[in-house]
Amino acid sequence: MSDSTTPQNFEPRIVAFFCNWCTYTAADLAGTARMKYAANVRVIRTMCSGRFDPQFVFAAFREGADAVLLGGCHPGDCHYMEGNYKALRRFFLMRRFLESMGIERDRIRLEWIAASEGDKVQRTINDMTAAVRALGPLSMEKRALLHSADLSAAIDKPESRPAATKGGAA
Amino acid sequence: MSKPKVAFYWCAACGGCEEAVVDLNEAILGVVNAVDIVFWPVALDFKRTDVEAMPDKSIAVCFINGAIRNSEQFEMVELLRRKSQLVVAFGSCAHLGGVPGLGNLFGRDALTATAYHDVPSIANGSNVKPVEESKTPEGTLSLPKLWNTVKSLEQTIDVDYYLPGCPPPVKLIVGAVEAILAGKLPAKGATLAPDIALCDECSRKDTKPEKLTVTKFHRPHEIVIDDEKCLLAQGLLCLGPVTRKGCEGACTSVNMPCTGCMGPTSRVEDFGAKALSAIASIIEAKTDDEIVAVLDKIVDPAGTFYRYSLPASLLHRRREPQSEGVHKS
Amino acid sequence: MKYLYYPGCSMKSTGKPYEESMLAVFSALNQGLEELVDWNCCGATAYMSISELKAFALSARNFALAEQQAVNGETNLIVPCAACYLGLNKAQKNLEEHKDIRAIIDKGLASAGLSYTGRFKVRHPLDVLVNDIGLETIQKRSIRPLAGLKVACYYGCQLVRPYAEFDDAHEPMVMDRLVTALGGTPVPWPLKTRCCGGSLTGTIPEVGLRLSYILLREAQQRGCDVIATACPLCQFNLECYQPKVSKMYKERIDIPILFFSQLMGLAFGLDRRPLGLHRLFVPFDRTFPVAAAEGGAHVG
Amino acid sequence: MTRRISIDPITRLEGHGKIDIFLNDQGNVDHAYFQVPELRGFERFAHGRPSEDMPQITSRICGVCPTAHHMASTRALDDLYKVEPTRAAHKVRELLYSIFFVEDHALHFFYLGGPDFVVGPTAPKAERNILGVLGKVGIETGQKVIAMRRELRELMSLAMGKAIHPAFGLPGGISRAIAPEHQKQFIEVADRAVEFGKFSLKIFDDIVLANKTYVDYITSDAYTHRTYYMGLVDQNNKVNFYDGQLRVVSPDGKELAKFAGRDYLNHLAEHVEPWSYMKFTFLKNVGWKGFNDGPDSGIVSVAPLARLNASDGMATPLAQEAYDRFYKTLGGKPVHHTLANHWARLIELLYAAERMRELAKDPDIVSKDVRVIPTKTPSEGIGVVEAPRGTLIHHYKTDEHGLITMANLIVATQNNAARIALSVDKAARGVISQGKVDDGVLNLVEMAFRAYDPCNGCATHTLPGTMPLLVRVYDTEHNLKQEIRRG
Amino acid sequence: MSAEMSTNGAPKVGVYVCHCGINIAHTVDVNACTAFAASLPYVTVAREYKFMCSDPGQEIIQQDLRDGKINRVVVASCSPLMHEGTFRKATAVGGGNAFMFQMANIREHVSWVTLDKEMATDKAKALIAAAVSRVVHHAPLVRNRVPVHPDVMIVGGGIAGIHAALTMADAGKKVYLVEREPTIGGHMAKFDKTFPTLDCSACILTPKMSAVRSHPNITLWTYSEVAEVSGFVGNFKVKVRRKPRYVKEDQCVGCLDCIDACIYKTAKVPDEFNVGLSKRKPIYVPFPQATPLVAVIDPETCIEFKTHRCKKSCAEVCQKDAIDFTQTEQIAEVEVGSIILATGFKTFDATRIARYGYGKYANVYTSLEVERMVNAAGPTAGEVKLADGSKPKSVAIVHCVGSRDAHTNRYCSRVCCMYSLKLAHLLKERTEAEVYNFYIDMRTPGKGYEEFYDRLLQENVHFVRGRVAEISDWAMEKQEEGKLTIRVEDTLVGVVRRIPVDMVVLSVGLEPQADADDVRRKFNISCSHEGWFLERHPKLAPVSTFTDGVFLAGACQGPKDIPDSVAQAGAAAAEALALIDRGYVELEPNTAYSREELCSSCHTCVALCPYGAITFDTTKHAAVVNGALCKGCGTCVASCPSGALQQNLFTDEQIFEEIKGVLKYV
């Protein structure tokens, strides 16, 4: 059990929210260019980073994500003029809150990635995966939320999570 | 036909919910006549063994207030769940974890360390702490097991309805009781309060600017507060937009911003996250520095946005330092 | 800003006048330079070509010493010798970019009770003079402007590439701007960074001398009074072989080769000896009158 | 071989308190322990919160006396920001605080504590509640009580936002002024409140004082402890709830100390036992000498009786009369009979009503001038008020942004905890011998601490109110021999 | 009806996993994914197929829909940006609602970017699970149609803009052509000849220019710039800033008397059109064939504007009283349905490569300067002269200046090789000098290009393969004295050569316009790294952008020669025409909507909408969303504190489900 927390073979699960016009397109570009990067990030597409609701980030943690990556257009480039500024404002407040909840800064990132920056997608995802791998699992999902049967057992020790080691079973 | 059996119970709470029932005033007499109160520790004199003796599901409805933060509370609510057809989570603490839920920012050991060691008036050289089992010359004394994590009621037992508020407004209590008596209850899991945010019934509603934006937040003690104007528009961190109505703006009526005790509407998963999103969105700032400057005036995001709902929030509690073997594969 | 000063071997030998004049000039600008205690070879010279790692280790030790000595929060290490400047920069780059190298070096330093964080920045005096102290200050201090002096500014091959960030690698200008500030006239010439012959003058003279000749002749043809340089080896090559060059190409080559710092000293009105001018093989004895203007105020 | 009697309300409702009585082989009481089994940890989770939120956060310590915490906290904020509230703000706060006292004391006498006397200690359990009270004093009196309480709480909601968990306290004043058109209502209700105070005392006269058995209860040795007493007094040493200095008198009635709340740490300390979450306050300068009374033990008592003992009288005429009569009847100061608290409480109710009337008529209470904006950088603040159940101290330290870095809360019941433990132990010893245990035990033991109106909600941030009981008697083999419930 | 049928009953999800040949299959275990999909809740059909986007592939889906086996579709294949449209259509054709569909991107986001097969397969499964649990919560939707305004705006009056304008105008559409300079013509107008045919640039361009001028459907706004763009495809509102030329365009007949009359007897101001090789007066026309042929006054240099004491001889001499010193900047606002950007390029600034001595040595020229020099209508009337007036005996043409260079621009500017050959030819022709070309590679793809290269070889122009190291004026040998010496490694021979010449031509590369970034922001489109406007798809949509209704023509999209620019201009025009002739656009239904009865009137959302689509209705006491104005960013939805606002296709529920799905299983 403990070795699965060692950076070598712990495979973090990172949920990414990308805006359709810049960052998602950039991720497609990275694909078209066959840039290889860590397989740990799973992208959820919204039309604009302005749609990013902090609830989504917390839900991702709650469902078992070890980190969350937010990607939008560079300031001034938003396809919808200013959605990314809203995202930025929420991000700053959210990150302060998450810190007070004991969640490390590296587990939540906001990156501006333009449609042409496929390489930045690659770089960002590799960096973040490495950083989160070093941090180890977050284990925030439904922790201590189990119902009566497990409750007495679940009170103090965080529950386990589905194996997320390399090639973790479905 | 016999009157429906009703029980009241309390867990980690302040007693305000009980007071709120007393605040039914004259109406309480009507209620007492309409139902058969089989269990109400604060006012009436029946005991747990009586409850244990009852057949399962023999209690028509059980109102439980308070958060769940120790083993005995848990045993008791499980018992009541077994005996009751309906369980109503009564008040913020049972509904969302309530103010005691702020304990989830720390955890048991921190709480006891402060209470029995850190505070300046403690004369506790030998660093004594209350323990579950303690030997005395005469024998062993026991205390209930204090949980590390505070929980809302629905995180420990199945809950049928929720009556929000700290404490629930008398009107809502009466409404709920009437609904139960008349058998006019909504679908299971419903919150027995209007499903619209507080602004809807706020006296300051019409003073809101068409476009609501904030350039600078103020803390209530920092400014003279206008008696009529929308508090958010005055730069006060009022959570009315996020919070269910039903209190008729009790706090805002005395110029104090809503702190969200009624919890979110049914469309919102996580009160704090939504509050955070809405508030951050309406600030007027663009550069990182400007944004940080404005937001820094929100000095305590966790305590402000999750004043009553941390245990019921998506993240539930502060993450503890990850020790060895925390993660099992 | 306070600086630590790393001389390196040349400044104590062939480059003596460079050190003398530079220190004189800096103190004339009220800029104290604290010499690095117990410094060692920068690692250039043979090391670099035989075992880079050893070269880096030597540099690293100097950095580590600097970090130890920096009690007043100094983070700048002034390195006048172009070769040292290159060597130290190269070492730092490698220590930053190659974890494996860094690991070995760290281990080595540790065994000597030293450690390297990389917080020191290698700075060339030209960079410091122009970017930190500023040409304005220097111009003000120039009470004896080098009026009418035509200078070929020679940077040499090592100073501005590949690591220097303070000037263009192909068309450096700092020295030109400095000379202008001193009241002199930098002559446009395209050989600023062309090789002076380096150590070839010792090993394959005909090649080395030819390279020197090109520089010297071109400077002379363009009517330069003096070549200003920032490298001890260049200065040595260009100055000491002039007789040989003249003989070899049957063409009279006679042009003083000064360190830029010596020119500064002259402009500042400092005495010749402290500037090491008496050590020149090709003498330079022009003097410059005190400027009429407010310059006089500075005398004494 | 010890036998154990477990008086364990937890079998009936959790989180109040629990009593374990150990008997020796002769079946006599070895020791009785009064335990409080829960902690919510406000003192810790206050850390990081904005100080201006404390009046609302700490009021959640107790929903029965939220106004007390709200007020103590607000006073602590005044001190934290070194701002003096405006005259109007000061008066409005005290007005509301007096209203709260009338209401809370009434609640206790008629709903919680009263039944013991009004209905009678030996009455059947089913009647020993407010409904029983109604039966005894007549429904219209009952409705009068309810109506009075309703009117008072309406005023509280009007001025403080909510009666349960008020919102209006701010450093340097209150968040909103009372509208002039409401003053009339305050005055009318105040007049009725004074009448109500007299009426309550009369009920006490008729039902309790007129009944020798009850008076014997009150004066019986089982309920007598010679401890120190503490309470807030004004400059004339008259009882005050909202303001003034803390005065401590010794068991023989001499002033031991008189100090500003700000100096509480020089005089008070808290003792911790491994078997209770309750902390036990004691007088530093006398010292903790275990659960014993007498001049050598630092145990100090608060709440109505203590306040009367610690003062030289009441600041209003009618209450002063009652005060004099009280001591005349019970044989001079100080009175050490725990059950005298009920009487003292009603005297305080009358005082609060009279004070309410004074303030309600004061033109200042509708002044708009209710705020002073703090300008100083906060660092430390202490607020002290008298809660219905006794002295209440809030002590905060903050960073320069006014975020709490330390919160120390010393609450009424905790000040009484040691004496309650004493009462329990003594009551047990008084009524249990040779292992004979009967119903009487339960009433008597329970009455021992119900008299304090102990609010364990306050004390441990669990629950307030009454202390239902159950006694289990085990034989030496720990077989359940006998089980009796209060009733 | 299709809508009903697709919602009837419990969700039945069909999952179709695509091999994409081996593009997906070679890294993702498609069978495993299909089996996994079959095990997911609500999934009634799970199939795999080689090419789901092929007709047979789509037919599989449609058949399952027709058989009632499924009422929701998930396709796991490439990016939705690639084929979402395809499969939505397929779903609709099969009788479902197009929006009961969700795509899992297991190619761009998985198979193409992952090495480890196991992890790739896991990731693919996760994405499929996400799509399934999301699509279960989809609701049928309909697209809104909005009409397309038939007018078009073309920005940039170079050859690309001109061609596009004429094409559209001839098709009967009203065109606004906006040009920043006082005349249209762009770079092409500066050239003497065009490669490889060597036909005269002016001869082929000027007729098109005057055609523009006289075309009834074209409104030509020169000396004007786009100030602001709002609206969306089919319905743009464009504000154009019309700079004052101080000469009334409608009055001036182009007699140019005013210029002669100017009190400046000799021209003093560097002539922009001649890239500084000649001088002009404060009142001038850029060149004789300028269109419109209307003088313009440059207030920077005009005495009247400087001193207000000029005797204004220009105004006196004008019989039409066209001179008007009081003119001010005007803002014209027009509505158009589509926009074509043809803003062109700028040439590389040669001073950035100091060692080539441009700006230091008088006889080092840029190619554009030489274009003017060899131009009969140019500053030297076509004569090639050195700074001292003499004819060069030897000329070096240095290729790839500012191209294919890590220090400047990595890309190939595509036109330099050919124009260098052209200049080599012209220089040889005009001077009989020795001409040297210094090149890295000769790049002559294109009709007749390679042949032209051959021809030059015949004209014994010298070709040296190697990037020039430096150009300097110092002499190592006698013959170098007084000359510019090219130092270069001849990589064919493998020696370093020093070649003294009289004149150097730097073949500067092409770069995006200096203000390209501001411009693309105005039009809300993206840029590539280098700053060229980004096309929607490099192959399949080369003239479209990510902003519907905005098209690209010419070098603003990347270096192009004249034929390519013209071809692309035609293509852009065709796209715009297609849009106009369809007459309407279908909007994505992903708009926000307000459940008005749940709105608490908190006003949070109103200020957040950049399009003013949200207003507060005081009678309803609710925020209302104007579906026509809403662009579907969802910002208001994320901010609505009580969840009264939602967004079609991106409801909270759908996204929460997607989050659950993406993490629940793998």
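To keep things simple, chains are lettered A, B, C, D and E as they appear, and every chain counts its residues starting from 1.
Throughout what follows, a residue touches a chain if its C-beta (ideal position, glycine included) is under 8 Å from a C-beta of that chain, and two chains touch if they have at least 3 such contacts.
Since the model is a prediction, treat every value here as computed from it, not as a measurement.
Common neighbours of chain B and chain E (chains touching each): A.
Path length between chain B and chain C in the touching-chain graph (shortest route): 2. Remark: the per-chain Cα centre closest to the mean position of all protein Cα atoms belongs to A.
Compared with chain E, the chain whose C-alpha mean position is the greatest distance off is D. If you average the Cα atoms of chain A and of chain D, the two centres end up 52 Å apart. If each chain is reduced to the centroid of its CA atoms, chain A and chain E end up 34 Å from each other. Centre-to-centre separation between chain C and chain E, using Cα means, comes to 49 Å. Computed from the mean C-alpha positions, the centre of chain B lies at a distance of 25 Å from the centre of chain D. For chain A, residues that reach two or more other chains under the stated contact definition are 53, 55, 59, 86, 90, 100, 168. In chain D, the residues touching two or more other chains are 48.
By the definition of touch given earlier, these chain pairs are in contact: A-B, A-E, B-D, B-E, C-E.
Across the complex, chain B is touched by residues 2, 4, 10-15, 20, 22, 30-31, 33, 35, 37-41, 43-45, 47-50, 52-53, 56-57, 60-64, 66, 77, 81, 107, 111, 125-126, 128-131, 143, 146-147, 149-150, 153, 157, 159-165, 167-168, 170-172, 174-176, 264-265, 268-277, 279, 281-282, 284, 288, 371, 373-374, 395, 401-403, 406-408, 410, 457, 461-466, 468, 470, 485-487 of chain D. Across the complex, chain E is touched by residues 195-200, 205, 208-213, 232, 240-242, 245, 264-269, 274-275, 277-278, 281-282 of chain B. Taken together, the chain B residues at the contact with chain D in this complex read 9-20, 22-23, 25-26, 28, 32, 41-49, 69-70, 72-73, 76, 98-100, 102-103, 105-106, 110-116, 118-124, 128-131, 134, 136-139, 141, 143-144, 146, 166-167, 219-225, 227, 247, 250-251, 253-256, 259, 299-300, 302-304, 307. Those residues of chain E whose C-beta lies close enough to touch chain A in the complex are 36, 79-82, 105, 107-110, 112-116, 118-120, 122-123, 125-127, 130, 521, 524, 526-529, 534, 546-547, 590, 608, 610-611, 631-635, 637-639, 647, 650, 652, 655-656, 658-660, 662-666.
Against chain E, in their complex, chain C makes its touches with residues 168, 170-171, 188-191, 214, 218.
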